[in-house]
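Right, I'll just put the structure down here and ask away after.
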């Protein structure tokens, strides 16, 4: 019995010793995910980015990820735990982690934090996001070309500026092809709920829309569209697996180059808190291959993409007219400026809906 | 030959003491097997889950932060359960308390209100929770409707109500249209006990609640009434205890405590009202109540223990890549074992021969 | 496809998992046992059902896996509450938490995979009928099974002696025991049956509704199934109406948005729950006259005296 106790004590101590390992020379990097890595959407793409830095930097780094971290008070503890266990660079990948990240960043000024899709920064807290609206504009043009009923279906998550801007960009692009294009929007009030997204897709299709776009993260809508023989766009990642004959293209969140860049900066000691907002040009936003469409539509899409990359075309080029018919003030010269897009709180003309809660 | 359950002549005190320990040991064994199946070291997992969080001040503080709402709600629930009244809607009462208390924070936000704001918020939270809990209570007393189901349904209603408020009327105008209220002013925030940590006065309040409940149950007439009505309803009726009044009382108190926990959580660790303020506290508190054997001190211990599993589980995710779901499995299994072992206090299992079976007919 | 037909099809799909799970729970509660673990059993059914279908390529095998998962989990519940006379509320909740956690562990490896969804019936001529064609003749096996299940349960409860015994046990287990009915055995079987139905209802989601598995994909449907049983006053035919009503509210709420009606979605989403509370109050008030209230022994512990 005594021997057993001794063995147990030794074993426990040995196990404990494993967990007091120091950070050593490797740079420890932490990722906080809001969903499961297999969601094939938002979190999946961040995970792809993490795997890219693992591949790129091999032995020089060590990464940890926490998935399914809910955006409530517990997230602060998760972020802080990463900070306390020697992680020197921490990426928090959902808007809802903003305030917890701010709080933890304040407590650990020596640790570098990066928060995606947020707007609060500090000396050691940077933000990064993608100009997803560029992809939406292209999608709008394609959708208008491919729609026979002239009504697009849009599954919205929350009526936040990013989503509103996405709807607006879609409509602006669509209106260049069909000035009378219409859109029906259903708000599912979640980023990720396959059942609800499927129901919303069905409802939109039943109400006469024939192209489905989404700002939610699961492939459910694509799957329904495939079942009904309707076109759809993938979101966050290439969803053609769920609708090989259905997906026209998808907006792919390509975080890998950004993560590689930031990790390299951290390794070189050159990291600084920034506000990065990259789009098609920098390849943070990428379009999945244009499929299931006639060649002329494909050419139009590719030309538009090239124009956006070259800077000759801006999705929010002025004049922009809002729902009430008023022309929106053009603060960026020839197009809306970043602040206006990031805080977008109005629909452009042509959207019949009302922003919920306004 | 078959196994039958037989009521003991009297409670077995030996088992009453040994039961929680036995349950814990059984749970640890089961968990070790599960972890081994998943290809990880069981000893390492046990260390990370149970010992590591106790080894440094930060984790201990987080333990208190996480345990406070659980203990507060569970104490309230225990009053109901002792009286044989099944409040399953603590989650909803938690949310409504958070909402009613937050109302004051939202309307005074940005104005230079005085330090009366926070205490007023707490009172509003408790009152809100109590009123919300009285709905299923009244349905039971007046109409005989099952309080289990009414209180449960109201959880969803509360959740949707809060969702509506933070997306609509109460949404922070500077919050970029995200569903959250403005950050609460300092006068509307729980004071911290330890600078630099998240340990706030709510922990003290939870302790006070535990002591108050212990005193009430052990030394007051009300407490006696509650215990008798639950254990021996006929005797209670004979003694003139008004069962209906006790239903209302216990529901109101437990609703108040849940509501108080709600507003404390919002005014403390979170700092504003948003969807998802409760990771299921109302339901986890039910487990805590049972683990604590419906006894205030026991609930304090059980609450800390369960909080330990939450924090240990998060640590396990970081250092051992064990999924968070394992914590839920652990909690479910622990409750199973505790319930099973506890049943041995009142009953024993006997092997009964077939001849006896024939003599007694069926069953 | 017309809008009406389309909406009805969506409603049927949304209602079927509720109907399957609630049907089983109805039998369990009629026997006097309250199993609050429906959500845990459903999500386990979803995880194991998807696993089965993905591993073998057969939806049928997946459904079997789902049923077995539900039965296994409910067996644990039965042993505790019937064998050891443990409190049913606490055990049911523990079951839910265990089921949710376990399903997450099991299903984690399958997230991101997809399977072929259950096939829909197609009878030439009949399925092509306008409006009613697909509604009546174009459903998948789960939908037809759910209707047959309710019909079978109705017949069992009200037209067989065994069903009468079960109901008697649910109403008064002491008298039933005195009459020599095998209270524990009947309850045990009822609980297992309920578990299988819940597992099947959960399996429907990844096998037919959205053909992939996501942790937590039942999203509270188990709790709704519990509410449904009460809403239906523990009567099978009313259960069908209730299930389709609940499904309809969730679907119509989306359509209302798409059509631009300004009703807050949260209000519409809360209607089923509010309705259940109101129904509970109403039926409990008329208990004396209508006699359509809860089984009187529901949730009470029973230990046969020796």
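Going by the order they are written in, the chains are A, B and C; count residues from 1 in each one.
We take it that a residue touches a chain if its C-beta (ideal position, glycine included) is under 8 Å from a C-beta of that chain, and two chains touch if they have at least 3 such contacts.
None of the values given here were measured: they were computed from a predicted structure.
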> For subunit B, which other chain has the most distant CA centre?
Replying inline: A
> If you tally contacting C-beta pairs, which pair wins, B-C or A-B?
Replying inline: B-C
> Using mean CA coordinates as chain centres, what's the subunit A-subunit B distance in Å?
Replying inline: 36
> How big is the gap, in whole Å, between where the Cα atoms of subunit B centre and where those of subunit C centre?
Replying inline: 27
> Can you list the residues of subunit C that touch 2 or more other chains?
Replying inline: 108, 215, 264
>> Residues of subunit B that contact two or more other chains, please.
In response: 163, 167-168, 323-324
> By residue number and range, which residues of subunit A touch two or more other chains?
Replying inline: 68, 189, 356
> How about subunit C: which of its residues touch subunit B in the complex?
Replying inline: 34, 36, 40, 76, 80, 83-87, 89-91, 93-105, 108, 177, 180-185, 215, 220, 223, 226-227, 230, 264, 266-267, 269-270, 273-274, 276-277, 280-281, 284-285, 287, 294, 298-299, 303-306
> Touching subunit A in the complex: which residues of subunit C?
Replying inline: 1, 3, 6-7, 10, 14, 108, 110-112, 114, 117, 205, 209-212, 214-215, 217, 219, 250-251, 254-255, 257-260, 262, 264-265
> Which part of subunit B faces subunit A closely enough to touch in the complex?
Replying inline: 41, 43-44, 47-48, 51-52, 58, 62, 163, 167-168, 171, 176-179, 183, 196, 198, 265, 269-272, 274, 276-279, 310-311, 314-315, 317-319, 323-324
> Which residues, counting only subunit A, touch subunit B once they are in their complex?
Replying inline: 8, 11-12, 15-16, 18-19, 64, 66, 68, 70-74, 76-78, 80-82, 84-85, 95-96, 99, 107, 119, 158-161, 164, 189, 342-343, 345, 355-357
>> Which stretch or stretches of subunit B touch subunit C in the complex?
In response: 3-7, 38, 86, 88, 135, 139, 143-146, 148-150, 152-154, 156-157, 160-161, 163-164, 167-168, 283, 286-287, 290, 323-333, 335-336, 339-340, 342-344, 346-347, 360-363
